[in-house]
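The structure under discussion is supplied below as structure tokens; questions concerning it will follow.
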Amino acid sequence: MNTKAANSGSGQTQSGRPARLSLADWMPKIVMAPTVLVTLVCIYGYMIWTAVLSFTGSRMLPSYNFVGFEQYERLFNNDRWMVALTNLGIFGGLFIAICLFLGVILAIFLDQKIRAEGAIRTIYLYPMAISFIVTGTAWKWLLNPTNGLEKMMIDFGFVNFKFDWLINPDMVVYCLVIAAVWQASGFVMALFLAGLRGVDGDLIKAAHLDGASTFTTYRRIILPSLKPVFFSALVVLSHIAIKSFDLVAALTNGGPGYASDLPANFMYTYTFTRSQIGLGSASAMVMLGCVLAILVPYLYSELRGKRHE
Amino acid sequence: GEVEVLHWWTSGGEAAAINVLKEQMVEADHTWKDFAVAGGGGESAMTVLKSRAISGNPPSAAQIKGPTIQEWGDLGFLTNLDDVAKAGEWDVILPQVISDVMKYDGHYVAAPVNVHRVNWMWANPEVFRKSGASIPTSWEQFIVEAKKIKAAGFTPLAHGGQNWQDATLFEAIALSKGARFYSSAFIGLSDTALRSQDMIDVFDTFKQMREFVDPGFSGRDWNIATSMVINGDAAMQIMGDWAKGEFTAAGKKAGVDYVCYPAPGTSGAFTFNIDSLAMFKVEGKDKQAAQKDLARLILEPKFQETFNLNKGSIPVRLNMPRDKFDTCAHASMDSFLASSTTGDLVPSMAHGMAVNSMVQGAIFDVVTNFFNDESMTSEEAVDKLARAVKASM
Amino acid sequence: MNKHAIARKTSGLDKVLRVALYTVLIVVAAFYLMPFIVMLLTSLKDVEEIRTGTLLSLPGALHFDSWAKAWSSACTGSSCGGISPYFMNSFQIVIPAVIISTLLGAINGYVISLWKFRGSDLFFAAMLVGCFIPFQVILLPMAQTLGWLGIANTTSGLVFVHVVYGVAFTTLFFRNFYQSIPGELVKAARLDGAGFFTIFYRIILPVSTPIIVVTVIWQFTQIWNDFLFGVAFSGFDTQPVTVALNNLVNTSFGGKEYNVDMAAAIIAALPTLAVYVFAGKYFVRGLTAGAVKG
Amino acid sequence: MANLVIDNVKKRYGNTEVLKGINISIKAGEFLILVGPSGCGKSTLMNSIAGLEDVTEGRILIADNDVTYTSPKDRDIAMVFQSYALYPNMTVGQNISFGLEMRKVPKTEREIEVNRVADMLQISHLLDRKPAQLSGGQRQRVAMGRALARRPQLYLFDEPLSNLDAKLRVEMRTEIKKLHKKLGTTIVYVTHDQIEAMTLADRIAVMKDGEVQQLGTPQEIYDNPANLFVAGFMGSPAMNFIPTKVVEQDGVPMLELATSTSVALPFPKPEALKDYVGKTVLLGLRPEMITEPQPHKEGQPFVTTTDVEVEVTEPMGADTMILTRVNDAEINCRSNPMYPADAGSIIKMMFDTSKAVVFDQESGRRLDL
Amino acid sequence: MANLVIDNVKKRYGNTEVLKGINISIKAGEFLILVGPSGCGKSTLMNSIAGLEDVTEGRILIADNDVTYTSPKDRDIAMVFQSYALYPNMTVGQNISFGLEMRKVPKTEREIEVNRVADMLQISHLLDRKPAQLSGGQRQRVAMGRALARRPQLYLFDEPLSNLDAKLRVEMRTEIKKLHKKLGTTIVYVTHDQIEAMTLADRIAVMKDGEVQQLGTPQEIYDNPANLFVAGFMGSPAMNFIPTKVVEQDGVPMLELATSTSVALPFPKPEALKDYVGKTVLLGLRPEMITEPQPHKEGQPFVTTTDVEVEVTEPMGADTMILTRVNDAEINCRSNPMYPADAGSIIKMMFDTSKAVVFDQESGRRLDL
């Protein structure tokens, strides 16, 4: 007897079984097939292709003159790249943390039988609706020290109010955080709200009887059962974080100097504007590598833990 | 046949100008497919172009300029326009600096649309009057006058903190060291020029400009900066002649409400920026015919006039009637002719006419970072510049 | 059905908390609204007011002409039809792409959480990793692929691209939602003689409303607002509205008409907003509550 | 330990009135068992006591405090839910200790307590599992453990043993009884198991359609059902109801029984039948009161032996049920498995009416109270 | 109607072996009841039969076809889940008719069927409700209805009546029995209710820790338990186990009982005790075999009357349990409620050893088989 199959847990199909499988048994695999195919080609295929390019001297269009690790060397000798990587760390960390926090809090607040829930929910969510191509302009105005918030507050009489992050190379990355949080936290809220709406009411009753306050009930009972939602939110947020291209382009265009550059912008600029596809590919690979280094362990633990539940 | 034209002339005036071309094409029984992609000085359009080219479906014509034309030529995507050029006597009507850029391997592959002068300074005389300053003609004087203006409560220099604007300012300062220096540094990319004392001086002056811009300059679009001059908030702006469109749109009159001067210390020189449409190899006789017609029409005086009137630039053709153009344009035309003989006609580094995009990007990075980093010294900057340029060659 | 601790006769403390809660919600709402208000105010001013006024100053008179212009007469390139013609393009891309990717995601999620087969979890992980590939790097190979498939620069091509790069997310959402559905439900249905699709359609989909809402919101927004793919893979006559909007906003010269820009932005966002408002209603409470022991 | 007063509690879901004015009051330390047919409102009442459902009308007092609008967590109640409601993300151990943690019991004490409870419920080996990895009965025991780990004022148990095997159930029952003896906590307990009800309860409340039919000690309920419903509901197999004509013999009303022969049964409270002479009443007689002739009972006052025809026999282990027909009603009799009773044969059975009850045929009203 | 063969079925979850080689074969139309302590693997076995869990090893045959790898829906089985597994989004009516719909039964027929089942289960008034709006017992009946609406080859019922009140349970039991008689469908049924087991089953399989301990008719299991576990498991209250020394009287091995006096009990199969003379064995005696002295039994061969001291009495309605102590073991006796037995008093009790069984004290092996 096949002991592997024996240990494979509570799978409900008879994978790896002797014949006599009907079409129905193949159904799950059949319906997954298109996704598998495009994933293999359009994600992994291209990823490999990019990896290959990162070892070439490709400039404007892909070419296959291999140059070894030269592009990587250039990359790590590039000040701008290091700035971009550091920014990604700061920006990504803050952005994800704040969005998760705000998203959870707002979802919980909205779950308290709020009057006008629909209206408030829409207000929190709408930033997702508007493309950053334009809201970037609005934010640029708002954060601009000469005619934005700072001016408004000064007009209101707070003469010493100072808010010049947008032009301060050390602080500009936080402007990105503000705008990105503004845009994405509503969606996180929606994710959590959907999760909250699926929790079994009896559980909450049980927790109340156990003496848990509403706060504790959320913290210990409801939110832990929303672990998969956290997971979704995290993936979505990291995705947004490492791809915050529009945001940077619209809000700071990398400036002042290149103080607010992020790897996505770096990559785009080098690949397309500066015709250095080789270097751009190398930066993409490094970006991917960083993300995977953080993500894969988490993914692993997350997906493993689910086995027998 | 049909022509598909990829370009980033999307604003009202440009669109009107492009429409002229479109109408002429339609009259010649062609179909005009307008593929406009604005943004980032054509960055997006370049991306699109690459994607189209790689998918085997390039447009008939695309707005490409300067050395990039050569790169596309290298890749073998461009078509030969020699017959059109011959018929239209392009070699005759075009100054050689321009026709050189339009050729790949000795053959015409692109049609030029206009010539911009980049080293302009736009000033609001009202502000100068109020602050008791006079228009500077050298950077030393600029600093003196700017201090007066600042003391009077105005912003001396309207500027937008985007890398190409920084570079525009920077190249104007560099040009004041002479066209030769400029050429060896930004065209020849000579290490000695890049590391020279002159370059250090240029950086010094450049850094001083930081004092004369207002705190909100970061990331500002150039036309907002222009409107600061228009509104009388700021005294001057160093910007190409496209800025004129802003003044015109605001109903201001050249010589009255605003004045145009060459950037300090560069009066004899001319940094040019030429827009052009490169023609791609396409399948089908019809399409090819239409493409040729398009090339021909671009050089026709009618289009040249309309387009350049709208854009603030000057026609690429020599000997065009100039009566419809304003004083600044006249000055530009004169300077263009004069400088082309003295060797003071140089391509703009900031606008991608001098070097390929890799080197340009490397220079941008150093320049813009220097301008925004208070702690970096000019010596460091020069060193960085030289190294960055070398690394990207 | 009420799930939470019951509307009690409010005590003093409860009232205070309630007031605090609403205060927080409203303050936060204000933060979210601010950029929009700026945009809205700007869109209603005329160019002169924008030049001279401050951000939050009210327009002297309401100018709706910028809206009209943005909609039907603003020029992008040589066509001066505003952004309205591009709306159709966007819809033609978004609707099929959202439907297909949501459906695929739902089915994939269903398989991965309720019909596990060997390797399905691994594949899911692989797919997630795929989410993190920067989209910029796939532009060129994808362009080539689309060329081969013969759908370069067509609406179908764009739909294809959006589905390919959206399905990882939709799968993620559904899979994680379905994790909490008791396996017994599927077992019961299988015994009842329902097949793979019937179970999906009759048992699973009806309880998926909240996650469908979330997924549709996500996909609709992502695709509607997408610029990169839209610009890179569209033809001149299939450009989505974001490209038009971008063209409108990023004028390289000539007076910037912020009022028109802002109006156009708001108009371009209207379909997405409509989806939010409409779909939001379906965040229903506790659908699975009480059905299963344990 | 606290008393509990349920004062005219009503509960409506939309248009359905699920509780129609419940009045029950329990002394501190009392063990009340709720019984009643499925859907009669037992769980709803439990939920209302716990504060998990709003009551539509009425008041609930615990330890003399009106808690009608108090939040559940301030009522100091522990409950076992019929649907278990285990926290799916926590292990068994965490599920059990959660309530203690909420009451700020220190960790070491919690652990001791969890182990104690787990031992008692025989789930010690499962402490690290998640609920999804348990069998039905194991889940139910965890649910039980969650309540038992705490020392509340009031325990609410909603069918806490229904998924356990008989043996375990007896053990658990004993544990609960011990616990109750030891702690004296007031308990409200829903069960369908009659033995549970009879052995555990201080008092039993029989509910039907959202109303309390009778509230009394187990023996009262069993021997003295207030009405036909209670009589029929309690006891398994159920009480036999035999329509009998009241006949007068020597001036004493008797109950006429027609099997193969006709016989008149005496009744302990003949005066209750006075008004019914000549009419038909329902005679209620529990199966154990109709047995094979038992020599030691012979000659006792209310014992009558007569012939019946066996329709079916059902061996049940300790006893055999004999189905027969009397006055055209099917009745169950309980006999020794050894007593020969083949289907179709005519056998002698002994009717003991000393504990018989009679009801009005129409209203179901008990006549002999 | 189909036979069912379970051939050496094993099931592991990770490292825990939940089924350790189950062998059961059932004839077509047979009614098998599975009993066993909580967590012994009953539900897992049911799931395996239905094909809802992969078996790790072994084969399952339905109607002589190997279905081990057949998909559940092709096995033609209807099942009631212990956890109900109602479709939350469907009304009760839709829940019941879903299976029929899947089998392409036309709408009108479905409706008739749903109504029939609902009537039988007394849930007709609930047909339009969603599961969340039902009481526990109502949900269970819907789960039942879902299975009963179909006419499969094989029914699997996992504790289908556990949440119903005694009265309803009796009714449902009868319905199931009728159904079984009428349709003759093979049924596998899990229950903890001994009466259910005894009255419904053709055969009973007693499981423990993933193994079948005994498979036999109810009477066999009750009277002739294969080992100590089965003996102790079946019957409520459980069989009494009394450690007794085997003594020889007149060459016949007898069992020595020490209460207030000492007495030797005769044993029907004395030869089984031969090897144990002088040693101690476990005597198994069901409570109903230890009763108040019953005159009609007096003098029968294996009846012995002796004095015992009453420790506790437990009235249970029809009978009273008397707790006493014999050979230092606590034992339950079943007596007539009328028999005077006050705690602490010494009373006479009659021990009937005609059905007694004996076990090896260590191994639990039955000695007299």
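In order of appearance the chains are A, B, C, D and E, and numbering begins at 1 in each one.
By definition in this document, contacts are C-beta pairs under 8 Å (C-beta built on N, C-alpha and C of every residue); 3 or more make two chains touch, one makes a residue touch a chain.
Owing to the predicted nature of the structure, the values given are computational and were not obtained by experimental measurement.
Participant: So if I look at the partners of subunit B and the partners of subunit C, which chains show up in both lists?
Facilitator: Output, common partners of subunit B and subunit C: A.
Participant: Which pairing of chains gives the most C-beta pairs in contact?
Facilitator: Greatest number of C-beta pairs in contact occurs for A-C.
Participant: On C-alpha atoms only, rotate subunit D onto subunit E and read off the angle in steps of 5 degrees.
Facilitator: Best-fit rotation on C-alpha atoms: 180 degrees.
Participant: Taking each chain's centre as the mean of its CA atoms, which one is farthest from the centre of subunit D?
Facilitator: Max centre-to-centre separation from subunit D belongs to B.
Participant: In angstrom, rounded to a whole number, how far apart do the mean CA points of subunit A and subunit D lie?
Facilitator: Here subunit A and subunit D have centroids separated by 58 Å.
Participant: Report the inter-chain centroid distance for subunit A and subunit C in whole angstrom, where each centroid is the mean of the CA atoms.
Facilitator: It comes to 15 Å between the two C-alpha centres.
Participant: Go ahead and note the Å separation of the Cα centroids belonging to subunit B and subunit E.
Facilitator: That pair's centroid distance is 93 Å.
Participant: Would you mind listing the residues of subunit A that make contact with two or more other chains?
Facilitator: Correct list: 10-12, 24, 61, 147, 200, 202, 208, 225, 272, 308.
Participant: Which residues belonging to subunit D are in contact with no fewer than two other chains?
Facilitator: 51-52, 71-72, 83, 86, 88, 132-134, 136
Participant: Of all the residues in subunit B, which ones touch at least 2 other chains?
Facilitator: Residues 40, 47, 50, 54 of subunit B touch two or more partner chains.
Participant: Which residues of subunit A touch subunit C in their complex?
Facilitator: Residue list for subunit A touching subunit C: 8, 10-13, 15-16, 24, 27-29, 31-32, 34-36, 38-39, 41-47, 49-50, 61-62, 102, 106, 109-114, 118, 120-135, 137-139, 141-142, 147-148, 151-152, 155, 182, 186-187, 190-191, 193-195, 197-202, 204, 208, 214, 225, 228-229, 231-232, 235-236, 238-239, 242-243, 245-246, 263-264, 267-268, 271-272, 277, 280-281, 284, 287-288, 291-292, 295-296, 299-300, 303, 306.
Participant: Can you list the subunit B residues touching subunit C in their complex?
Facilitator: 4, 7-16, 18-19, 21-22, 32-41, 44, 47-48, 50-52, 54-57, 59, 221, 223-224, 227, 231, 242-243, 245-246, 249-250, 311-312
Participant: Spell out the residues on subunit E that touch subunit D in their complex, using ranges where they run on.
Facilitator: 13, 35-39, 41-44, 82-83, 133-138, 140-141, 158-159, 162-170, 192-195, 198-199, 218-219, 222, 232-238, 286-288, 294-296, 314-319, 334
Participant: Applying the document's contact rule, which stretches of subunit E touch subunit C when the two form their complex?
Facilitator: Where subunit E meets subunit C, its residues are 47, 50-52, 71-73, 77-79, 81-90, 98-99, 102-103, 131-132, 146, 150.
Participant: Per the contact definition, I'd like the list of subunit A residues that touch subunit D in the complex.
Facilitator: 200, 202-203, 205-213, 216, 220-221, 224-225, 227, 308-309
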